[in-house]
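Should a chain be cited, it is by its letter among A, B, C and D, assigned in written order, with residues numbered from 1 in that chain.
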Amino acid sequence: MELFDVSLFASMLRLVTPILLAALGGAICARVGLFNVGLEGLMLTGAFSAIVGNYYTGNVWLAVIFAVLCTVIFSMLFAYMSIHLKANVIVVGISLNFLAAGLTTFMLRVIFDVKGAYYNKDMVGLPKWDIPLLRDIPWLGDVLSGHTPLVYLAIVLAIGLQLFFFKTVTGFRLLASGENPTAARSLGIKVTRIQYGAVLLCGVLCGLAGAQLSLGNVTMFTEGMTAGRGFIALVATMLGQSNPLGVAASSLLFGLMDALSLRLQGFSLPTHFTMMLPYVVTIVAMLIFKNKSYMQEARKANESSR
Amino acid sequence: MLLQMDNITKSYGSVAANSGVSFNLQKGEIHALIGENGAGKTTLMRILYGMESPTSGEIRLNGQAVSFDSPAAAIANKIGMVHQHFMLFPSFTIAENIVIGREPSKTVGFDRKKAIADVDALSKRYGMPVDPAQKVEECSLGVQQRVEILKVLHQGAEIIILDEPTGVLTPLEVKELLIAIKELARQGKSFIIISHKLQEIIEVADRITVLRDGKVTGSMNAADTNEDELSRLMVGRELVQLTRKTAAPGKPVLEVADISIRGNRTKPTLDGISLHVKEGEIVGIAGISGNGQSELIGAIAGLAKIDSGSIKLLGQETAGASVRTIRERGLAHIPEDRYQWGVAKDATVTENGLMGHANKQQKYGLLRGASIREMVAEWVKRFGIKTGSLSTKAQYLSGGNLQKLIVARELAQLTPFLIAAEPTRGVDVGAMEIIHGELLKKRDEGGAILLVSSELTEILKLSDRILVMYEGRIVGELASQSATEEQISILMAGGKRHGKAETT
Amino acid sequence: ACGADKNNNAGNTPNNGTASGNEAGDDKEVKKIALVLPEKIGVNKFFVLMDEGFKKAGEEFGAEVKTIESTDPAGFEQNLRATVAEDYDLIITATFQAEDALKKVAAENPDKPFAIIDTVVDLPNVRSVNFREHEAAYLMGALAGLSTKTNTVGAIVAMDAPLLSKYTSGFEQGLKSTNPEAQFLVNYVGNFADPAKAKELALLQFDKGADYIAGMAAVGDNGVFEAAKEKGFFTSGQDTDRTDEDPEHVVLSQLKGTDAVAYETVKAFVEGNFSYGAADYGLKEGGVGLTYVTKETATPLNSFISQENVDKVKAIAEDIISGKLVVENPLAK
Amino acid sequence: MEKLKQLSSSLIQPLLAIIVGLAAGAIAIAVVGGNVLETYGEMWKGAFGSFFFVTNTLSRATPIILIGLGVALAFRAGFFNMGSEGQMVLGALSAALTAIYLPGPGWLKLIAALMAGIISGGIWSAFAGWLDARFRMNLLITTLLLNYIATLFAGYIVSYPLKDKTGSAAMAQTVMIDNSAWLPKLFSGMSLHAGFLIAFAGALLLFFFMKYTVKGYEIRMLGGNPLFAGYGGVQRGRMMMLSMFVSGGFAGLAGSIEVLGTQYRYIDGALTTPGYAWSGIMATLLAGSNPLGTAVAAILLAGLQTGGMGMERNTEVPLEVSSIIQAVLILFVSAKITYSFIKRKKARDDNGTV
């Protein structure tokens, strides 16, 4: 079996979707000046509520909507604490991660009366779409076809978000609120409202990310099943400099390396080292995506006066 | 009466920024508001613009009592404000910066083409040329100022507040701005303008109101007054005319020979600059900002790398040396941009004063707290720095007071050489007098000073020799006794008459 | 039904009156017993079972039982010390992770009775119960070797950690014994709680030709099951009988009687039969096992595993029980 | 007087936050049907209820304090070091290996192990600093990523080449350190060990260093405005390497102390699962990077954790709920309750007069 074959790329797409969705959410938050470390917790909330929704409604679409709703409510806590109560965003993010871990475990007990994992073989996950024309393209068809709708939605959202940021009035104002909130406020732009909106959108995206994880990648919930994906999403957000397409590119890079690292396990390298691959490659990739120099950052922070 | 502010009082804790201020404005009028640093001018305007709410008092617009709880409300009532500190989005284009808040749109899409067209039309209509597609971070301060005004005009403001609009502009830019303001006033717009430059105020304003310590100390027609009377009303005392002794230059302290810095475009940023400054002499560098002065200062101070040439301080080569080394050998430096280079806003007055002195104020690596506080307290007294206490954060000082702190700090380094870049930018006339006096004193005591200023009067008043920079080169040297503003202006514009000079 | 205690150490009957002898004889007093776990019960079936057995015994024998989970090793030691300070009559703990802390705390409190499940701590006031999972894994490997059609079988393992080699190595030994030609694929998830990645790895092994992939990834097993359902290969679970979850694909389950052990320990203590020393539970004692081979299950046998093969492996099991065949414990090397 | 006023106003904020946090936690307890007073009582007992539990809490706070101090130093210098976890792990591993394999008397092993921990944590951290200074790689990202690499590397070392093959050999861990090189326990039968004294001294030392030394001053100014510091002659590159090294050194020391004072060997995962690094970062942020405040916040966080354990042991409230309560408490402790309170009050006053 070859290392770089069709299934590698298909596997990459699956692995990357939850990360990409959450990373886009992170990018929106970052664009309004809120560094959201709570992606992991938001995603976990989404994953759990998707399963709960599915359990009660028996309909996978309603489940996704339910997941989005629950995650949005959870994200509003982030917004309220950091925007309204001026709590340190990072502390809020970290504690939300803890809170989500505790809440989902607890609710798992309350709702399903199980510990650790809820799995039901009759539960139906998200459908896999075989896309007629796409399917027939020789190599590409096998990579791109046969995924859950959320995989395609993630790609659409990355592009959509790029358009939203750079082509719409609301997007423009959102960027402005992040670039210089004082100035935006002095122009009568409702910065706070925009920040809430951004966090809300982030909640939607993380809800989708969770739903893809628990109803798309697999059809179950297990405690802590996000397994650090939220932090990887955070890295992708930063590496992509909060540019939706950049975020997508860095997520894909990470996903590819992750998929590759799974395959390299068979070879002579110890597993510990193959597992390092995605992280090492991401660091190397940072050589290309240069950071703004600290001088520029400092200039901006200490805004020139007259 | 278009606008009336009655008995406005605003207190921040125990500080009364405004107490019982009354102020009015007529349609088509240019009304100047002047006063010392910290007199309460900005506060009064922020209240009018809905950014602060007054502790007491009333605002009436066309006779109707109004109260603005946010800038949006003020904007809706056709009041626009150009802030003392630019409120721009550096990474956005000029057009974006101007239309923001009232963007032209196609359904939900932001119609950038129309924005550019609108801005083009706007700038033509009011005679303020800008390139709408250019990014603001790449623009000169003069253009940024124009963007701020165009933004206010785009919002449809009828009352326009300008808080120190000329602080960073070159003489030419100031001239253009004043002309534009007069023209707009003729078209029916009303202006409130704040400035420390009395000469321009008298030139442009119809009426002048003077604030001191939060109270109105006078209000008169511009035609009926003069600079002396205004400064007396502002400062509350008579200003002394500074007299400059003839220079007695000694041996060279700074020798710059043929230094160059490659630019990122085609033109070099610095192109073969040579100059020297001797003991007991002030050398002034004039020039429109953006012609290499910042880079020259950076190179001498060790903040920018040069590509070729040599810089000697007291005979020792310092090109490539660290800032620390250069400072230890004998450099002090009043930076051009006080917020960017001159202070850490979150640190206290004492901590900001300690920079550069730490190595002298220590024993075994431990700071000598008492002696440091004594030192800073002495400056506060000598320069009349208005601050709550020595542990007030620098960001709570008004700009002028912060500037005095920086000047005091750098003069106290007691170095043979001093770079003074825009040493009085944004400070009131009283403070300016103090700073100028201190600079001259240093020179008379044998110090060598390189003065960089976009203020020609300042250059003429302090310098013994004047060098003019244009496009990274020194295009002329003049003796101060014989130099005239006219002469310098021509050189600053690259030898052409300034009417034809590039302005962007 | 657990095997008899195997007192392999002469000096380990209660060495002083304060331990079981006295207290267990005192019927009127309700016994306070704590089960202190070094981890959260969370995703670990093994702990879930233990907790169930423990609680059941508490109810049946009228002891006051309390399960205490720990978030991390440092917290575990603190919990252990706290239960001593809070004066529980018996403190039960489990797994290798508890070893270090128990050695310290038990040595500091020689009068307090302790028990540890799943490893051996050689102290006079500790009763240890150990499992020989590699024996059950051997049977599973042997059965997989007989059943595979593609001559490729795989295992998805939680982590590349020594602990889990008891499973992989036993499995591999069994596999090679019945099918020396078979290829054995092993992949590691990297943690205990990532079914999505476990599934991805199972799909990968399926691509490489495996028709039987054993789940050894704690909660990740669910991901392996799902991959099996999607792609139609066969798989197996751990600890409890999981064949009922999806009889068409989950064809085997390796069993480990932690519930029975916890139950028996409480029972012995309350009834006054508690003794110190090490007990070892393998196939012989019925502490570990494999569905169909050592334990009947309600789920009908999947045709992938024929009755004929089961019978062959039953014979192997007999050999192990009788001691004719010794499965090498990778950790004892 | 001024100072006193400042102090009291700086205390009101956390106190108010704690009260609101407790109220929010009470709701959580009531929702799961617990008795609020009893539950909080047990929580208090588990954290600070007796000398035994106080020492328990302090022992848990020890690594959090040290990590918090390291993070605080880096924050003060303007560098967002999120790599404490990896730095701690490498420090712990080096300390364990030094203590195990270095020949010599116990005290020498102990000191060498502590030094090794500091140095390797420091180097790993300074490496991220170097990547930033040399290649302009965002420190925040590199430090996050380097965590994974460090933990996997340490996991490999103790799973293969230097695995403990004695005893059951089931764990990925090193062999036990000889007890002559252990950090002594402060009280017998309790988990508190001499490492706490080191952490305490570290907090005092860092406090004085930051406040009263030239280098500390330079670091603070660098964090305040790097351009200002550079203009004043502070060398950013050198300072960055120095402060990142010291920052990572603290994390490395935290790991070493856990190994030498609690676990007596390096165990894979034993330092990462408790989330010491995140707790340390939170302590720093809660205390606004003040070293003494960081120590206090770390003890508070540790108290929440040990209190949570106590709550779990002695009430019917399960572990999940105790972690929910902890999270809620932290969440509200971080909130600027006074801020919003004052703002609202101000708005009310303003409306009254205009």
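Simple rule for what comes next: a contact is a pair of C-beta atoms (placed from the backbone, for glycine too) under 8 Å apart; a residue touches a chain by one contact, two chains touch by 3 or more.
Worth saying up front: this structure is predicted, and the values here are computed from it rather than measured.
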item	value
Neighbouring chains common to chain A and chain D, by label	B, C
Longest centre-to-centre distance from chain B, chain (CA-based)	C
Length of the line joining the C-alpha centres of chain A and chain C, rounded to whole Å	37
CA centroid of chain B to CA centroid of chain D, Å	45
CA centroid of chain B to CA centroid of chain C, Å	76
Residues within chain A bordering two or more other chains	105, 270, 272, 275, 298-299, 302
Chain C, residues touching no fewer than two other chains	40, 160
Touching two or more other chains - residues of chain D	155, 159, 225, 227-228, 323
Pairwise chain contacts under the document criterion	A-B, A-C, A-D, B-D, C-D
Residue ranges of chain A touching chain B (in the complex, touch as defined)	167-173, 175-176, 179-180, 182-189, 298-300, 302-306
Complex interface listing, chain C residues touching chain D	40, 66, 68-75, 77-79, 81-83, 85-86, 96-97, 99-100, 108, 119-120, 160-163, 166, 331-333
Residue ranges of chain D touching chain B (in the complex, touch as defined)	2, 212-215, 217-218, 220-221, 224-225, 227-235, 350, 353-354
Residues of chain B defined as touching chain D within the complex	53-56, 67, 301, 303, 322-324, 327-328, 333, 335, 340-347, 351, 354-356, 358-359, 362, 365-367, 369, 389
Chain D to chain A touching residues, read off their complex	32, 131-132, 135-138, 140-142, 144-146, 148-149, 152-153, 155-156, 159-160, 225-228, 236, 278, 281-282, 285-286, 318, 320-324, 326-328, 330-331, 334-337, 339-340
